[in-house]
């Protein structure tokens, strides 16, 4: 819970305390996260639909669970799955987390899900006597592997505090948002919207300067050497200048998913977001044109193509 | 010409070489720039329509010129004026730069003007036997006062090299773009578009999270503590979280002017820029609602108001 | 099935054939429709959650049903309800249409529902041995009362043919789209999007000419006297020129609902719709500012307000 | 001046009164208009840069003028030229309308020009003791040939009245807007924006229904058979359903020009027009992709392509 000013008590927790953790979902992100939990000395029960991905962690000390329910024989169970539907199936399905998790156990939802579904999980778990913490992360698979994610956590303070050793093992920094779990999901979705808006804006700017005869690599250098000296401009500025959208670090189809969820939250709160709408329409155009598996920075390729480049 | 890789010759220039410079336009930006030229030991002839602003620099060693023509009795004359029309009047008007500047003299156009007008200046000066360098700057008045601007320079290499002592006096860094002067204007305009796109996107994101009950200051902290650790997010994130749009650092009316010029360049090059269009429409809404003198970050106030906040 | 070229067989049906029809949902639209069914000589079992609205039709010959199930004692049962959720509850809920409708009975879904939900209804009814026809309508409550709706029908041809006497009683014209029921829903949603796009475009044009000093009533006259001589421009042009958005003929909140459904269908089919996105954002702004109950032509009021009028 | 309620005096003019008219600009539109003036018995001096187009009207009774100035030996001189620049050159250039037109002569500006330029013409002519009437027209070349244009006229009432016999010869209907000439230009530009917005909206709707498997010709039939029974939907609905964008009735490059002028007027009046911005961006994309000479309904082809069709 570093980087949480005025939340000093949290800093007093016993560093080094070890947890028994279930971990469901061992994709590109989940694999690295589970491994870092093991490295930090936690006991981890891993479950994945494709069992081989779970077994791959056995050499690191993981216990392979045969079902989501089996992974719930723990203090806390993490879900790190593709989307709302995947989490819903694992939580509400037969032999799911909801029925298997013990009283007082905590469900830590770390993948990017919708605000509405996070609210539903919060209510359902509360009624079942479970804890529920939303803790989505910022960072790409390499950051997950390196334990360098940024964790955005929300939920009842006491519950979030119990999860700290876990967050410390997977991330470089944890931000606590507040008592309402879905606040963390909203922050995560708005953050992904902001990244996507940078991609679209850069795409438009690059199309403009390229048609004006300016070298795109020189242009990146100027941007990142001045006002735009942030990782998001450095990483994606290079990808766009190189026009190298494959292989994807984060797929356009996933970018669309997240902007869709941001817009759904905006709709529920009655917030017009015209730039988010532009981005959504361009992601759809990318998918329609067969580029859903390209990096989401491929928005810039669409901008270039629209400009006849 | 620091920060110009592969342009080593430029670095060999005699540092300390002093120039005789005319400086036309002593507004918020020009005043600080002219003062830094004087501090660096250059001889400066200052002209301003409102004469008192020129006289204010006399104690620093400036010679007050009575007319734009009088300011042209120099190796190079800088224009730092409000817009195309102001530069046009000073250059093409009776007793203007065009007729007064000596053969071989250089006109350095440092304010933000349109690509088309910069092209026209380049051609006209070439025909008149003058040099012409476009060198717009990034930075607000405090950076101008501190000699910490970023200079984007373009024009024939030899001419740009002659201007280096001047650029070094006003800026922290100079980027050389290439032989075509208006390239520098295009980079400057695209850069201001990128800043405006950040303002709009942040405005939408803040409206969303604020309606979702999240503390805006906490939100800035998260953004700038992770992916968005660039000055543009820090400076404007704070302004937006504080909802403090007056007094303006850079007025919305000027933001509109610059996005309009970016869109004009995009039109001439046939580049669709939908986010620039969204930004332009919102700046217009701001002006129509009487907020043209507020800071351009006031885009976020429009987003908030549209969301019923 | 008039206005269905090349579908001559349908025209041969015995005019005057009478049906036994269940009718669920007696709101502004449903009331008039049910009444016209009665007038045409059909036997109608009416059900409404608020029973008094059903009883009001008894003098016209309606039999009041105590439950959705009771209304299913018929050849065909019409649903004319607010949204997907309302239809879902009446169809899938305990004692709902799904369990009560007899083998071979037809569910005619006439309200505006989503494409995805219409597909689900089609599949579910097919599995249950029911017919399913989607037949959304164009027209406002006065057209429903006058039997002047336009019916857009889709479903297996034989089933649609059986419903013709019913369509003839409520509408002036029926268009048959094809075998897939949800095609009719897609046409209906796209049509409502087109109307909304007219409202937004008119709103922008009126703001422009009003600020230019042109009389808005004169402007309507010109538009509708030339290229734009269609009902949609006549009806809404007047409302906008008069700035009379209350009481609503069709509420902004419902306009938002329908554009949302159009965008959901577009998302599923990967079709970018930027104008639909603009309209959606403006409807959201209207709702956020407390105008959800105004007529959806109130989009023009938002345009005017954004222009400082 | 038919169709001008409350302007009865105008209807009392002597029908059949004949004028001596100069006509400058004999393109697709101008040729038919000049011919109809001749047919109606007016005396017409025709001028065109490419002289052969003027000579082609000699058999109809036209007198061929050797210069714009020669065409000004008349009561009124019409300009029907491509854009502001063409009119500027003919009016302000050496031997132009401004110097050649007699005191009391009227310049009738009938092509689509900008509001700002029309204001400048009004002021300049007033100072020169000329009349100035703006009278842009709606209608494509076939309507010009048939004398079926719609004329939108503005200017001092007395001057407009003098032009009536001319308007009656070229159009089916004249709408009088008011004293300020540029009002007519604003109405014309807003009208072309409305048509373009219909093209874009139809393009989006057709992309949606086509991807949903619906026959586009059937779709046109439904739209124009109900709410959208106006010429603009009939004409363009067919073009889009047929996907027949060549040869152009009205080129995309001209559509872009007019939307650009509408946006310039909106900018000057501080009116945000987001749909106009969407349309402008799509026209630019069309031009950038080499489709500037296609019909402006080709917006729908761009929508289809973006949707992967």
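Some points to look at:
The chains carry the letters A, B, C and D, assigned in the order they are written, with residues numbered from 1 in each.
Keep this in mind: a contact is a pair of C-beta atoms (placed from the backbone, for glycine too) under 8 Å apart; a residue touches a chain by one contact, two chains touch by 3 or more.
Note that this is a predicted model, so its numbers are computed, not measured.
When the partners of chain A are compared with those of chain B, the chains appearing in both lists are C, D.
Taking the mean Cα position of each chain as its centre, D sits at the greatest distance from chain A. Chain centres here are Cα averages; for chain B and chain D they lie 40 Å apart. Work out the mean CA point of chain A and of chain D, and you get 54 Å between them. Annotation for chain D: residues touching 2 or more other chains are 266, 270-274, 278, 284-285, 287-288, 306-308. Within the complex, the chain A residues that touch chain C are 260, 266-267, 270-274, 277-278, 280-282, 284-285, 287-288. The residues of chain B lying in touch with chain A in their complex are 3, 5, 115, 138, 150, 152, 173, 175, 177-178, 180, 182-183, 186-187, 190-191, 193-195, 197-198, 200-202, 204-205, 207-209, 211-215, 218-219, 221-223, 225-233, 262, 265-266, 269-276, 278, 303, 306-308. Every residue of chain B that touches chain C in the complex is listed here, in rising order: 274, 284-285, 287-290, 306-308.
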